[in-house]
Structure formats: C-alpha cells, structure tokens
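For clarity, chains are labelled A, B, C and D in written order, and residue numbers in each chain start from 1.
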Amino acid sequence: MTAASRLAVELPGLNLKNPVMPASGCFGFGDNRYAEMFDLNELGAIIIKAATLKPRAGNPVPRIAETTSGVLNAVGLQNPGVDVILREKLPVLHQKYPTLPVVANIAGATQAEYVEVAKRMSASGMVSALELNISCPNVHEGGMLFGTDPQIAQQLTKAVKEVSQVPVYVKLSPNVTDIVAIAQAVAAGGADGLSMINTLLGMRIDLNSRKPILGNKTGGLSGPGIKPIAVRMIYQVSRAVDLPIIAMGGIESAADVLEMYMAGASAVAIGTAHFNNPTACPDIIKALPSKMEDLKINSLSELIAEVRGGYPNDD
Amino acid sequence: MRIIAQEELAPSIYRIVLYGKFDYAQARPGCFVMLKLPDGTYQLRRPLAIAALAPLQETITLIYRVVGDGTHLLQQTAVGAQLNILGPLGNGFPIENVESTENVLLVGGGTGVPPLMLLAQALKDKGCKVTTAIGFRTAALIFGEKEFEDNGQLLLATDDGSKGFQGNVGQLLATQPEQTYTKVYACGPNGLLQMVQTRFAGTTAEIYLSLESRMACGVGACEGCVVSTKDGTYNKRVCVEGPVFNGREVRL
Amino acid sequence: MTAASRLAVELPGLNLKNPVMPASGCFGFGDNRYAEMFDLNELGAIIIKAATLKPRAGNPVPRIAETTSGVLNAVGLQNPGVDVILREKLPVLHQKYPTLPVVANIAGATQAEYVEVAKRMSASGMVSALELNISCPNVHEGGMLFGTDPQIAQQLTKAVKEVSQVPVYVKLSPNVTDIVAIAQAVAAGGADGLSMINTLLGMRIDLNSRKPILGNKTGGLSGPGIKPIAVRMIYQVSRAVDLPIIAMGGIESAADVLEMYMAGASAVAIGTAHFNNPTACPDIIKALPSKMEDLKINSLSELIAEVRGGYPNDD
Amino acid sequence: MRIIAQEELAPSIYRIVLYGKFDYAQARPGCFVMLKLPDGTYQLRRPLAIAALAPLQETITLIYRVVGDGTHLLQQTAVGAQLNILGPLGNGFPIENVESTENVLLVGGGTGVPPLMLLAQALKDKGCKVTTAIGFRTAALIFGEKEFEDNGQLLLATDDGSKGFQGNVGQLLATQPEQTYTKVYACGPNGLLQMVQTRFAGTTAEIYLSLESRMACGVGACEGCVVSTKDGTYNKRVCVEGPVFNGREVRL
C-alpha cells in the first residue's frame, strides 16, 4: 500500500486523499494568511465558515477569550451571506484549488432559511458536501435549538436533504443530555454523515469589571480541553448510528487524530489548533503515516472498518 | 526567533529583542507579530507591535507591559530561548505618501507607545517634522523618551504631573497652539483614540488610529477581532484590514 | 472589617469562616494523608465522599486517566456504605475537628435508597448539610438520570427534604441540555442550595490497545479545562433560581474562586487541584484576602449581595 | 527538591538524582514519591519508586522509563531545576522482621527493577543472602547490574538471550534448583507478579508483590488506585495500603 492510499478515506461526497480539514470558522473561506503558509492542496478538504441567507454582522466584541487549554469564541456566525459567498468567495477558492473538496457550513434562524441556503449552496457546483450547523451556541435565534431537540433536528435535516444536491453532514452540539438521540434523529432525517462536536457553551468573567469578558457573555469552548468530551460523544454515537463521522474538538496532533478514529471517526477537522500552529493541518498530515506505523495501523480505511465493524464483539 | 536581550524599561514594562529569520522587508511601522508563548498550556498567541527593527542585525524589538499570565510568562522566559513568531502582520501606518515637508503628530499612551517608536524613526528618516505627545500615569512609568527626542519634538504628560505636563495627553494637546499637522497617528487606549478623533475632526489632518482587539488567529481567518467603520458593522478585521484605520472612518 | 470576617459566608446550615471546602470524592472522609499536610481546621468545611446505603466496590480499574488540563475519573462511588461511615469515619473526623462543618454527599440507585441514606446521615448529628449527588456519571443505575430529568430530580429532592434534618444542597450534572430547568425543578422540590458542577462525561482511548483507558470506558472530566463551563452554568442558574450555590469545577486559585463568586457562587469546593497541590485549600484561603484587596472587594458576603442583588440592572 | 544529576542508563531509561529536604527517616525500600511535573498543563503527579536514598548527602534517586508525555518532559528537564516531590508514600516492603540468616529472592522486570535496588541494599545490610532475578527484553536495556551484584547474586534473563538466560524471568526461575527462600519480593508487570504468585504458592516463602496502578492523589483520598485481595473487591488502595501486598492475598 502506498503512503498516499494509507491516508485516503471515502465518505459520502468526499473522496479524500487524507482525512484532515480545517474546521468551520477557523479558516475563513481559505482567503486568509494561513493560506500563504502552506499549499491548501495538501489538505484533505476545507470546511468553510458558516453561510447564512443574509449577511450577518455577528456578535459584539470582544469575541475571543482564552481559557485553560481552551478558547471561548462568540463570533456569532459573521458572514457576508450566501450570495456574496457564492459570488466572491467560493469562485476564488475554487479557481486557486480546483481539486480541493469544499464542505460548506450552513446556518439559519428558521428552517426556511436553512433550506434556501442549502439549495443555493449545493447547486453551485463548487461544494462537495454541506455541513448543517445546528449547533452554534453563539446566536440567539434558531442555532442551538435545532441541535437540542431531536424532532426539530430531524425535520430540518429532512427538509435540507430534500433540496440539497450534495451529501449533508449534520454538525451536532455537545450541549445536550443525550447526543445519541439527536444523532439518531438526524439519521432518520436522512443525514449522510455527522460532524461532531461543535463547541461547549462556556463563559469567562473579567475580575476587574466583574462582567463576562465576551460581548455576547457566553461563548463556545473549543480546544484540547474538550477533546475527552468529543471522544466520548463520537464513541457513543458511532455505536448507535451507522453514519460516518467527521470528528473535531481539540485535535492537535496525529495521535489525537488516531484517537478520534478509534472512537469511531471517519475524517477529522482542526480548528483551534491553527491559532498556535498555522500549519497544524499539513503538520498532522505529514506526521500521520509514521504514527500509524508505530501503532501498526496499515491504513485509515482499514482502521475505520476495524473500529466500526467491531462493535458486535464489543462488550 | 531567539531572545537575545530582555530588560525592564519601567515597572512592568519590558523590552525584548529577538534575533533570527523574519520577513524584515515586509515589516512596517504599526505592524505587529503574534507571539507563541513558550508553554503548551496557552491556545492563543499574543499580539505585540513591532517597536524597532534592525534588518541588518536581524533583530526585532518588542516592548510589552506585563498584564496577565501570558506576558508574565514572557517576562520569565530566559535569554537564549526560542520564540515562535508569526508576522509581520497587519497593514501598518500608511507613510508611503508622506512628504519630507510635512508636519506630523504622533499621539500615544501606555502600550500604544511602542509602535510609535518605529514610526517616529521612519518619519524622521523621511525628513518630516515629527512631534510626539505621549502620556503616562507617573514619571516612573515613562519609557521611549530618548527615542522620540532623537526623532523630533517630545511632549510628555503624566497624570500626576511628576514629569512634563500634568494631565492626560488630550489635555496636553489642548494647551498646544493650533498647529497644522498634515497627519496624525495615534495608538493607545480607546479613550485616547476617541480624543484624537474629536480633537482633529475639524482639521484637514489625515488621522490614523491603531487599534487593539482580542485576537485568535491574527491572520483574518476567524472574524474574532472585528471593528466597525462608517460603512458597516464589524466590517473590518483589526488583524488584516488594521490594526491601523482611517480615524475619520473607524467607529470606536 | 477584620480579615476573618471578610471571608466569612453564611449559607443554610453552613456558617463558614471561609468559603473553601474540599469537593466530594477528592478528600475521602478526611482520613488520608492530605490531612497530615495542613490542619483541616483551616477549612471552611469539608464535603465527604459519596455515601450509599450498601457498601459499593466501585468500577473496574483503571479509574483514573489524565487529559489536557483535566482528569477523567470513574471511581464509581466506592464507599463502605452509610452505616460504616457513620460508625467509623464520621466519629473520627468529628472528634479530631469538632468545629469543622461536614457536608455529606449522598447517592443511591433508587429514590428509596437516597431517602434512607439521607435519613440516617442527617440524623447523626455529625453533618451540617447534605449534598444530594444526582449527577454521578460513573454509575449505571440511577445516578445520572436523577440529574437529567427535571421531574425525577424534583421528586427526589422533595422526598429527601421530607426526611432530612439538615439543609439539602442538590449537586447538579453539567451533562444536560438545560441546566436551568433542572435547577428550577430541584428548587421547586425544596432544595436549600445547589452544588455545581459535577463532572462532564468524557473518554480517553489508549492508542496501543485501541480501547478506552478507563475500566468503565467513560469517566467524569474535572479540572481547570471545565471551569468555563462551570462559570457559565453558575451564571445562568444564579440568575434564574434564588438559591445559594456551592461552586466547583477547575478551581485552582483565589482568582478562580472570585470568578465563581462573580458568576453567582456563595461558596466553593476544590477537587482536582489537590492532586497537584495537596495544600490547595489552605493556599487559596491564604491568598484570598490580598486578591480581594487588589480587586477592591471588601468582603465575600458583600460580593454575593452585589452580584446576586444586581440582576435586575443586568441587561 | 533540586535535580542535581540526570543520566541515561539504557535506551529510554533515566536515573535522576534529587537533592534537598525530604523525610528520609520515613523512606523505606518499596516506597514511592508523587512527582509534580514542571509544567502547569499536567493535573496529575507521576508515581515513581525510590531507587536509592542517601540521607547524609540529602539525595534520593529515581529511575524511570520514558513512556509518555510526563516522563518525556521529566527527561527534558535540566539539572538545577526544582521539582515538587510528595513523599515518601506507600507502605514499602516489610523487612523489619527479616533475620540475617534468611535466604531471600528478589524478582523484577522493566520499571519494577528500581525499587528492588534499594531493597537489595537494605537486605544485604541486614546480612541476608540476597538473590535477584531480573529480566529485560534485550542486553542493551539492562540496568542495575552492578547494584544487584554488589548486594548478592544476580540472575539475568533477556528475552532474546543477548545476555544471561534466554527467556523471561519465570522461565529462568524454573531452571533454578528448588531453593528454600524464606521471602520473595517482586516488582514488575502483572504477568511477572502472577508468575511469582504461582511459582511460590506451594512453598513456605512469604511473598510480597509491589503493584502499579493509575493514581490521582497518591495519599488515599480518591479511591482511584484500588486493588482486590482475597478479602474483598477493590478493598485496598495501592497508594496507602500498598504498593506492596502480601502475594498470597492480593488478586492480580
């Protein structure tokens, strides 16, 4: 087996030479200076910032606060709206990296909005899959509710699936009592895959002002501190729902990637790690083969088969 | 880059000199770097302005105030240690079109002073007449005096009057005769920047304000650091479209 | 105001000279070698390990795994049972430290068990308050369910309150979609206070064996990485429910304690921090006055009044 | 305590010597310390056995294998650095009642070897006849040879036969003539301990096994490190009632 095929994975709509992609919101539309630091063609794919129907200005600043082994963000889905993204952002990305699979993260305040964004985005010919963001903790309408009520989540998934011309991954919120119930609901709604986890709702308070640091008060917690929660949820969901999972939540290294695979992942996304290490994605991609060799893992696709085929023997 | 010197300039204010590979050609006054803290605990780099540049010696100088855990750790870091630096970042102060005949004003306070040091030198090199007005809480906290005096005229203010004018920089400027500055560059707390906006609104001076904002990426990827201009809400990212903004457009 | 009264706080059943107590499960019954490293009389109070009706052997080992800025534990409420605790553990503690307030953490698999433990424990004369553990993620019966369903939580609280001779603090689980709903339910059930947060459900996988490290597979995540989640939940709950809160979750320093107060806490408990720093509690108690001075906080009771009296003006 | 020496004994095996205040009087062979890693990221201390003690020089010696992040960081820590040490902890090997006439066997493997080094010396000091059987994967990984030879007879096994007996320690012991050891002390992986239990079950020897367990507190506060004996399930804490248990009672 060649080094290349060791890392290749196949998911609905995503035929990836390696499983590593920047997570939504941490890499813009590829139109930032990270893109000067390595060739985006090295990526397995790219997940772009959330798109909404109308432009969104997002939340008041400050939007960023650091925590121990984590970051709180309350960007609030700032984006120029689906039409500008389709007109100005995606064509540039597509032209520069014609073979780079693009996953479009989409969000909305109502089901109708989600459906409309999904329709336009998936019809563009420039995206390989949608990532249905039903889990943003930083918006006050919709956002999170879609991700915490199984019935609403299922309906939304179904509605989006009906209009989407590309596979739909539903991005789950960890801020729920029972992640498996939500995963089962979106599976019943026809999701092609899952993406997990989004951020955990958190807060920091400034001791001098005695007020929350973030303009939005609460924000989403990401980074290595949340990885054990992500691993647990992916493990639980992968045993209950037969859908591929794009894993995220604190991944910083090849070892972290493999831990996600052993939990049940089929691909991975990297968010917060970029902030310390702009070349986190290519670094991880480079480190994977030798780490796999150490652990006697021949290929990621075999690892997926082993982990996800092995459940009946699991106690 | 390697730390080759670190010294206290004033209580809690440190100058750190870093040696090594850096894109010196791209660095302009007002640009900043994102410094990775030498401890895996921290998820975010720290934005610090470039206070001095020596391309031939291959060094950059940063001046920072110890305010929290990250700057505290930086202060504890020994000479000889390697620091991972991302930069130069940001647009920097626009000085390309400054003529040698121009009369320019620099206004700074607190940790807004360091980028003005590099700016003062660049403007002086262009031959301009540079006036710098900077304010500190008290005399003991003053730094950069010599650098500004070397490059033009320095107007000093201290809140307690222990050195220079007693009061803040705004009050100091109010005592100055109306001057026809062609350009005003400012960096410091929001209050100071607002004062500059107001003070020079009625003049013909071009106003450039360097802003601070909490940053995650520093490279335009996260929308964390945004600011509003008269054209929109949160429509500009401090890390890429800034940190320097047209003072007549930016909303503080 | 004297230095002493600056730290004093009064909660139902707990008249504390300072607000700092070891968290349940991280300090046994005071019968461990931490007690050799400082005088337990310095503590505000002590929360003892969970008591159940029958002795519990707990979960299979390994029970401990480290994560980035966190610890996973799956001890599984190992304890010798309420009767042994009342006969052998509490008398020793009480005799050595007659004025140290003791909070007894109690757990059960059924409501009847909780009620029985509460009855015996609260009648002993050796405990100042009960901490009703409806949030242990490491037991398969009861435990967590009591903490995730508002109705069940309310019923249980009510039943325990009916038999308890001391005030009852209900310890909430963070593994829920809506912590406020649970807090409101236990308040309606008659709780005298809340204790939050218990651990977040997490997992680590060993890359060599490809299996979860913990014998129980999942475990409870504690430590500084979860602090932003605790702060957020305490902030939300303190605005919705008029009960004092004993805060915990990643507290390591006097600054962390004050952040919890600004979120809405009335007292604090320290768990994981002991593992690195056995004298975490006395160290924090010593550091509090000067940290308060820096922040111009005259006394903790005034801070509570300011924070929790200030909500109407909050936007 | 301060690191005053650190050296590689064999690939991935390091000896570190710590100087400073320590409760030397309480430290016995088989006791361990909980070492706080010199980086705030880590929430848990690392348990390491005491391999040598020098109360007069005020030093303790630890020998550790680099297996994960924590031991890797320890290996990177420079001589001169301060380490926070909790201990001595645990019961240690019972040697009070050992007579000078006794014939004792020590059995070890891998990172179970270090505590036996201190034990061998203590038993030798008592005048006993000490035989040590230790196993390694291959000759390059052997350490402690001199220490054990200084204190009695050493039987070496390597899995690949590159030095001493070819095979594991169990197989090595099987080749030895039946001896009448009065006491057998063992430390190492569970497989080795189980072998010792079985091998000496039919003899009259007292058997003492030192166990490893994942620990949080190390002082009996968390119930994290438990082990079962014939009297119950998870009824003993390795950190306080252990790490040394009666081999006829403990369930592995």
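Everything that follows uses one rule, which is that a contact is a pair of C-beta atoms (placed from the backbone, for glycine too) under 8 Å apart; a residue touches a chain by one contact, two chains touch by 3 or more.
Everything numeric in this text was worked out from a predicted model, so none of it was measured.
Report, in whole Å, the distance between the mean C-alpha point of chain A and the mean C-alpha point of chain D.
Chain centres of chain A and chain D, defined by C-alpha means, are spaced 47 Å apart.
How many angstrom between the C-alpha centroids of chain D and chain C?
Here chain C and chain D have centroids separated by 37 Å.
Counting only residues that touch at least two other chains, what does the list for chain B look like?
Within chain B, the residues that touch at least two other chains are 41.
Touching two or more other chains, which residues of chain C qualify?
Residues 67-70, 224.
Connecting every touching chain pair, does the picture come out as line, ring, star, complete or other?
Shape of the chain contacts: a ring, since each chain touches exactly two and the loop closes.
By the touch definition up top, name every chain pair that qualifies.
A-B, A-C, B-D, C-D
List the residues on chain C that touch chain A in their complex, please.
Within the complex, chain C contacts chain A at residues 67-70, 72, 148, 175-178, 200-205, 207-208, 210, 212, 217-218, 221, 224-229, 231-232, 235, 250, 255, 258-259, 262-263, 295, 306-307.
So in the complex, the part of chain D that touches chain C is made up of which residues?
Listed in rising order, the residues of chain D that touch chain C are 36, 41-45, 86, 89, 213-227, 232-235, 240.
Considering the complex alone, what residue numbers of chain A touch chain B?
Residues 25-28, 31-34, 49, 57-58, 61-71, 73, 75, 78, 223-224, 272, 274-276, 278.
For a test of understanding, state which residues of chain B touch chain D in their complex under the given definition.
Against chain D, the touching part of chain B is residues 39-41.
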